[in-house]
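Here you go, one structure.
Chain naming follows the written order as A, B, C and D, and within any one chain the residues start at number 1.
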Amino acid sequence: MISIAVIGFGYWGPNLVRNFMEVSRARVGAICDSRPERLAAARQRYPSAATFSDCAPILADSSVTAVVIATPVASHFRLVMEALGAGKHVFIEKPLAASAAEAERMVAEAARCRRVLMVDHTFVYTSAVRKIKEIIDSGGLGRLYYYDSVRVNLGLFQSDANVIWDLAAHDCSIIDHLLPGLPRRIAASAVSHIAGQPESMAYVTLFFDDDLIAHLHVNWLSPVKVRQTLIGGSRRMIVYDDIEPSEKVKVYDSGVEVNGSPESVYQTRISYRTGDMYAPKISHDEALKAAAQHFVDCVESGARPLTDAEAGLRVVKMLEAATESAKRGGASVELNW
Amino acid sequence: MISIAVIGFGYWGPNLVRNFMEVSRARVGAICDSRPERLAAARQRYPSAATFSDCAPILADSSVTAVVIATPVASHFRLVMEALGAGKHVFIEKPLAASAAEAERMVAEAARCRRVLMVDHTFVYTSAVRKIKEIIDSGGLGRLYYYDSVRVNLGLFQSDANVIWDLAAHDCSIIDHLLPGLPRRIAASAVSHIAGQPESMAYVTLFFDDDLIAHLHVNWLSPVKVRQTLIGGSRRMIVYDDIEPSEKVKVYDSGVEVNGSPESVYQTRISYRTGDMYAPKISHDEALKAAAQHFVDCVESGARPLTDAEAGLRVVKMLEAATESAKRGGASVELNW
Amino acid sequence: MISIAVIGFGYWGPNLVRNFMEVSRARVGAICDSRPERLAAARQRYPSAATFSDCAPILADSSVTAVVIATPVASHFRLVMEALGAGKHVFIEKPLAASAAEAERMVAEAARCRRVLMVDHTFVYTSAVRKIKEIIDSGGLGRLYYYDSVRVNLGLFQSDANVIWDLAAHDCSIIDHLLPGLPRRIAASAVSHIAGQPESMAYVTLFFDDDLIAHLHVNWLSPVKVRQTLIGGSRRMIVYDDIEPSEKVKVYDSGVEVNGSPESVYQTRISYRTGDMYAPKISHDEALKAAAQHFVDCVESGARPLTDAEAGLRVVKMLEAATESAKRGGASVELNW
Amino acid sequence: MISIAVIGFGYWGPNLVRNFMEVSRARVGAICDSRPERLAAARQRYPSAATFSDCAPILADSSVTAVVIATPVASHFRLVMEALGAGKHVFIEKPLAASAAEAERMVAEAARCRRVLMVDHTFVYTSAVRKIKEIIDSGGLGRLYYYDSVRVNLGLFQSDANVIWDLAAHDCSIIDHLLPGLPRRIAASAVSHIAGQPESMAYVTLFFDDDLIAHLHVNWLSPVKVRQTLIGGSRRMIVYDDIEPSEKVKVYDSGVEVNGSPESVYQTRISYRTGDMYAPKISHDEALKAAAQHFVDCVESGARPLTDAEAGLRVVKMLEAATESAKRGGASVELNW
């Protein structure tokens, strides 16, 4: 039985506690938050967990095997480094860090301490994304053409992050998981319409080798909620709609066929193939519970998690490049891996 | 009764003939196409119209008041200049011309000849866009934040144009009609996945004054057809879905409110307002017929059409800038008006 | 080349002329309507067809091989009997006749005259219904449980028929084509909310052997248009949505499984199986053109049409029984076949 | 502070405990279930509540003010009578009883004991139904024409009830709340496709005065989940889609207008009016919590609940009549109120 402490009981923390409570071979023994009213809420819902307003005693407690951190991103670096230094395994909210420089040091520290450092890229653990991964890896889409995501809604302004670090972080983690290779350069435009507030909408384009392109529209100020991703390939195409209650992933047997010689535009014959569509069964398991269980499994077995610190670093590099590009008026930023 | 000659009886020409046939105070007296099989089709469907394989006799015929041109864009400049020179009024398919330089000379020639030169920006004449125009002009949306359009489908490759000149031309004409001001700069990325073929997908961003931003996703290689535009404003927001059979325009009384002083992030209070939605009645009149009638009215009255050659020139400038930016890897291109 | 005369150029007649014009090995040589303004419209659109205000000369003309009748249902019996008597093959709008008694005499007369009498049950010729037929006939749904159709919209009041004879006629023809066996009894409720007008909404239930049940909701006074049919079976289920532009037929690999002995409720284990969904490609061919071609083929070959007079009679029997039940306050009416 | 005991911790009981826990001025002090494993689950989640395998000590405990009953319907009568007799206020799951005879005695007993007996007709407390009630009561729909509900899904078989008592109970409670007057007669057809199992699909028609008609399609064996209700009136019509995440209630300014004299069909002019649609804001409050709070308020104030025992009795009468009609092959059953 692994004893887990959860640090941060704000917006996401309660979901983490609830899910880690249901995981096999682990229990949440402690909850930490600096705000008395949040600690009171934690005590009422989880009377069996000890509560702390400071994480020092938790890190000093040798019976605590792992810490789960759900605090603002600005605090990630310090908390993770302290926890790793105290010998704890760490499960950290996305994004891993506020900068690639920080993330690199966290990767190194986890390696040095031989501890599991897993980032909560929740979408990677959804049944939908796992099914898409399976289809892509089996060659079902053929050569990949594009990944296009719209992730918009009338949502919560984050005070400590703009919409890229909040919403595009999800897409970057999905892209990192699904697509072959890494983006070579990134261009982004971001706008803030409320004076003094972080950018609330952004368009991010990621350029890969072989003309593969990914594009993200993230927006906190949309009248409607949209969570739709198109993935185009030479053989099949996917529509992944995360709002759709039952048919989240649709696979279209449609595409373009080039007949004849591609040398001459005039000799080429382009024809469209429109075929059947199928929607594979997607289980309704909660992704966060799967992520929580995966973390506990990795702590026990010493295996490297699917969304390890390296994945977290790659995502932070993408977010940093997008932010840099947006600052430079959309001029694209090269990525070195 | 105005006698009209239609030049070009390919993909769009038959729609033009059908609609001009139904317009008041006009008749289609002649149809011209260089392909014998297209002329045969025209004769079968419209036995009352004379057919020509060359447009010279049409332009020389003083009983022909106006010509309607639906030929490939490369031929627009020459045909329009000849028609204007022969004293004809001209209705021309979008885009007006293959370059801004050509378009400028066409604008000048129409002015010199005192003839109507109208561009078929069909969407401007749809009931949906007219309703949105009404809402925006009345201040219903408040300050405009963004225009975001997705126009994708498994579609026809054009041999003489890439997807920007084909599909984004529609959005540029809608933007030109709806939004206040003109874009200051444009950035675009475009990709061709089929060797030797024009770009089949593109992302175009248009930057206006006052942080107004417009963004277009156009794509010939999508598994599904999407025609959705979000228009965000400080007071209300619009979802315009052109595929929706009955409720094409939805107006959301939703937005963000800033309470308190905007000087300090910490003192600002952002709150979301989610309110009623309403979908105004949109008539089902065919836009192309409305455009055809508007052209005939302008020829008769001498009025300037809503989508005159100047509008056509502005759209061509946007398309040209987008193409230039895409060639330069997405670096934005300034527009001078 | 078969020469066809179309009698009735009102609401549906123009669609029939247009489609029979495009059929191979046939031409529409004559159009007949008693209203001068309709004949004028016919002449303008189809200058090559002769027009008549009375059908006597058409029936007397030996060069006319077949007549296509699109007149109010009250006139069907007289026109069809005269046409058959004159040796013409007949294509008649649905429903075949205003009563089963009439329909029976028409069936007999067609047999006696050895002429093709085909009813325009258009839906039977749609790609969607043909695909569903294929799936059912191959056993893909297992044992059939139910057919449930909702066919409602804010529509046209018919002056000569209530909503059962107008809209439910479509469903009865689809049911007649798709389902095994014939309904044993029918119950219906119908309501008129506008004084002096025919019933504008109705619910019709058809009872088959083996607990197979069909149910229709037809309504001219709905705020929205719905054309959705659920077909339940023991192995798979179908959702057929005729409004859906691209995925009209969805096949669900879902159902209920009974494990263990069905004798005892307590020992029985019911479990639900939710599986993949697939949407077969449905071609966009116009059904009416397919029906028209099928008629011409049958006239030439002497083959019995898919929707022959017997099918027309069966549908009229169902409509008559439903009307009778509605008059009797919903008490069910037995059907003798 | 009112002390509440919850009897039955099966499928619905946990939702009741959770919601009564959050209600003002009340607390759940005891949970009762005869199954040890359910009691263990209750203890783990709600360590502060006492648990009992039998309800006798709860009823004997004078500190318990009210009981909340979520047991199979067969046990409702006995439990409610005992609880009322012991002086407790009672909140009971729908349907109130297994028969109208039982329900009538429960109504009388509640009156005799002067205790609140409230039925959990949850939908009455949803924001959507409350908004529709407001629109109907204000005359917004004009004269009511029909209520048409489809409530189908691939769902849970109930061992102690057929689909009418399970799903149609919801619609009957909504109808009882929304519509003026009471149904005069009811006709129903119900089918069981699994040997030895209760009916899994049914069609129920309720006839009111003034040609108002209500119709329900309830089905446990549908491939898709549908929760759509159409409400037609002479001035406006409503589509209430409970699955729609944000726009559950849409009000259509559409209808039919009769111009001229209704005496003669030929003189009458029917025209359709298609107008704007609007979707009022619907709050996302949980209906069950509102119902729980309403119960506590009524216990405190002595007010009669919105869904009192009389409402429960009316719903049971409808369900009983529908069941009787289904047994008699669909012959309609009169209702005496």
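We adopt the following convention: a contact is a pair of C-beta atoms (placed from the backbone, for glycine too) under 8 Å apart; a residue touches a chain by one contact, two chains touch by 3 or more.
Predicted model only: the values in this text are computed from it and were never measured.
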Those chains which touch chain C and also touch chain B: A, D
Relative to chain C, chain with the most remote C-alpha centre: A
Inter-centroid spacing, chain D versus chain A (mean Cα positions, whole Å): 42
Euclidean distance of C-alpha centroids - chain B vs chain D, Å: 53
Residue numbers of chain D (touch at least two other chains): 224, 274, 277
Contact footprint of chain D on chain A as seen in their complex: 47-48, 224-225, 243, 245-246
Residues on chain B engaged by chain D in the complex (per definition of touch): 247, 253, 274-281
Complex interface listing, chain A residues touching chain B: 143, 145-146, 148, 150, 152, 154-155, 157, 159, 187, 189, 191-197, 200-201, 203, 205, 207, 211, 213, 215, 217, 219, 221-224, 230, 232, 234, 237-239, 250, 252, 254-256, 258, 262-266, 268, 270, 272, 274, 277, 329-332
